[in-house]
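Next come two complexes, and both contain subunit A; in the first it sits with subunit B, in the second with subunit C.
Let's look at the complex of A and B:
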């Protein structure tokens, strides 16, 4: 089956004080219709930059997509004219952000912001859009939608704001929803509600979700496939279930080990030793070698490539759990 | 909101009382005797006393103040020592020119300043931005009497397009208004620019982009509305101080407005004029500030008054 979104060799960099910094290097992946793909990794591994690159929302300057293609409906999004790109944004590909507190415009009502994309992309009249906004707010589980539609963001709780944000993103029934850390800023109980909501809406609308997160718990609940990123590169791509059962990359293993367990008695939580290499450092061998407990001298001299078949890829000379 | 406005107006009353006391005392601290200024230094002592009583300058300063306040409640601000006309009437005559200049200068500087500020913010760090910043710096640092003279030189003397004196016709209002406008344009451009630059990096602007909102709409609707509060403050302050008269510009263009009236009053030790004018200026300043405060809540729904 043809993927709905195909990212090929994406490289995005930023102009920093010490020269250009490559945040995402040579990243390729596919997203299929109805699939939920999670992109996971530590802070600064390039997952958010990947998401922003797809919608061409990288602030330029200082950021820039240096190389690569992003195929959507036989068009390369990186080469789209501004006007055409705008027609994709919020219409066919929508995005929800991490901070529901700051991601809504404080001076406009929630309803007006939900109506916005309907008016822009579907030429709805204000009246029709208002009615549509009420039903959208209902569908994301906001109580008293007729009243909430005319409320301002500061009158809503964090969870309600994130729901409003989702309503806004779903307004035009997009083919792809990019969710950038959708639950990170929320309380645990609200997190579960939002995840449930996303899962239900996904089943209902059969859209594809690109889920950006660092939370393996969120991945376990939503994702079909997982792309693990480390220092701007993809290091492992697997089916979600298989990844949790038998990670191939030592970094993925480390990520899974870092999830605190209730059944085992840990006095000290596990963490991956060391820290992410400075993003501008050019490293000859494997970028994870310095933190890897399995690293061999060979790893520091030869850069591993992302290898494997369509369903399972890993970037490691000595991949784990491979028979 | 009406309740809030009323409360705010009531709150200003003690402030006005203190202010009137300070002004009342201060004009009397200035060396110089109004009676002697008017009648000459070698005035006979009996006619000196009669004149002093006629002007209400007899008795202690407290007695004088109480008398003044009592009359104030009857709508009488006293009579000018110098022109012999009621102060209230004199202020009334001079309020209109001041209002024309203040409103004109504020409107002009707001339009140009906001436009320049937006333009500079959109073209941040590019030529237009740098050019506008240098231009606004020149506007800010040019004294108004100097730009007034330059404008007169060009438009009145050389081109002979506009009159340089008075406020007799709408044409005569152009040069003084432009002068006042130009001085304010600089700071307003800078306020608008920095406020916009602050807002365009906010998350909700990125959200608007992700929704497919056209860039122009983002600037003028999503960003500008949020950037408006500091701009409003700046405009309000400027308008308030212009209502207190633009003495230099009034002087250059020979316009009899409140600013010159006050300065002349101080020069003549015309106590009733100084007291009355300062009181009127203070009240208009307070009112303008109140209006600006009420506008805040119209712009930003997070600001609520209780």
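Let's look at the complex of A and C:
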């Protein structure tokens, strides 16, 4: 089946004070219709930059997509004209953010903000858009939608605002929803509700979700496939279930071990020693070698490539759990 | 924030409320007063000069026998229209420049900011005098001077607000939604700056009445015999001893209007600024 979104050799860099730094290196992945792909990794791994690159919203300057193509509906999004790109954004590819407190405009009612994309993309009249906004708010589980539609963001709780954000994003029934850490700023019970909502909407609308997160729990609940990123590179691509059962890359293993367990009796929570190398560091061998407990001298000299078949790829010379 | 919420908060400050009513009264007088005056503002009655306060001449007459109240009422029209037309057009340009500088940054910002710096480097009145000296006298040129006078401060304020707003997530959310730059700027960013703009316009109105009067007083703005408060002051100062009302009346009028604008501006600032949450529990922010 043809993927709905295909990222090929994406490289995005930023002009820093000490020369250009590469935030995303040579990243390739595919997203299929109706699939949920989770992109995981520590902070600074290039997850959000990947999302913004897809929407062609890298602030330029200082940022720039240096290389690569992003194929969507037989068009390369990196080479699309501004006007055409605007028609894609919000209409076919929508995004929700981490921080529902600040991602709504404080001076407009929730309803008007939901209506906005309908008016921009579908030329709806205000009256029709208002009715559509009410039904959208209903579908994301906001109580009293007829009243809430005329409320201002500050009158809503964090969870309600995130629901309103989701309603905004889904207004035009996009093909792809990019969710950039949608639950990070919410408390645990609300997190579960929002994840449930996303799953239900996903089943209902059959859209593809690109889920950016560092929360393995969220991944386990939603994702079909997982792309693990480390220092701007893809290090592992697997089916979600298999990844949790038998991680191939030492970094993935570390991430999974870092989840506190209820059944095992650990005194100290496991963590991966060290931190992500600064993105401007030029490393000859494997970028994870310094933090890897399995690293061999060979790893520091030879850069591993992302290898494997369509369903399972790993970037490691000594991949784990491989028979 | 709704109009009702702002009004509710504005009402709490009694001085501002009183100032608002004074201003509204003065606007009303300027608007309809001329239909009720017995005299023309430039109508001379040399037999009746320096008339004391009487029913016929509630504020007396000046050295040419012109009725001071009539001139004061006609003068309010001139002063207020100079202030409003000048401030509104000046602030419009200022907002535009500020938005462009703040949102686009880089060389656009540098260019506009240096221009603002140059304008701000002159003391306000000196700048106005220089502009009138170049353009010449008259009501229209005074308006232009007032307008230019308002541009730099407004541009700087708006630039600052836009810079702080443009990196907020909701602006990025708008981009993600597919909104165009113009829509983001004028619908989303500027509406958030609106409260500061309204406050600045109100305060500018007061100071530009002062500037316009000062120009006329110096003989650079509105020319006699046109009734304008500053020009009236200038004419009255020659005969201050024999007819003190000739300076007192326009002087007080200027003072009251300027103070009222300042008080209303302060009140609006408190009412519109969401950060000043001196609210009781249970009320919305």
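One rule holds for everything that comes next: the second predicted complex is superposed on the first by the 323 of 323 C-alpha atoms of A that agree within 3 Å, B and C clash if a C-alpha of one lies under 4 Å from a C-alpha of the other, contacts with A are read in each partner's own complex, and residues count from 1 in each chain.
In the analysis below, contacts are C-beta pairs under 8 Å (C-beta built on N, C-alpha and C of every residue); 3 or more make two chains touch, one makes a residue touch a chain.
Remember, it's a predicted structure, so these values are computed and weren't measured experimentally.
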Subunit C versus subunit B on the shared subunit A, clash or fit after superposition: clash
Touching partner for A:154 - first (subunit B), second (subunit C), both, neither: both
First (subunit B), second (subunit C), both or neither touched by A:297: neither
Contacts of A:88 with subunit B and subunit C, given as first, second, both or neither: both
Partner chain in contact with A:260 - subunit B first, subunit C second, else both or neither: neither
First, second, both or neither for A:19, with subunit B first and subunit C second: neither
Set of subunit A residues, in rising order, touched by both subunit B and subunit C: 55, 57, 86-91, 94-95, 97, 99, 102-108, 116-117, 120-121, 152, 154, 165, 168
Interface residues, subunit C side, partner subunit A - complex: 1, 168-170, 172-180, 183, 188, 191-192, 194, 274, 284-285
Of subunit A, residues touching subunit C in the complex: 55, 57, 86-91, 94-95, 97, 99, 102-108, 116-117, 120-121, 152, 154-155, 165, 168
Touching residues (chain side subunit A, partner subunit B) in the complex: 55, 57, 82, 86-91, 94-95, 97, 99, 102-108, 113, 116-117, 120-121, 152, 154, 165, 168
Complex interface listing, subunit B residues touching subunit A: 202-204, 206-215, 222, 225-226, 299-302
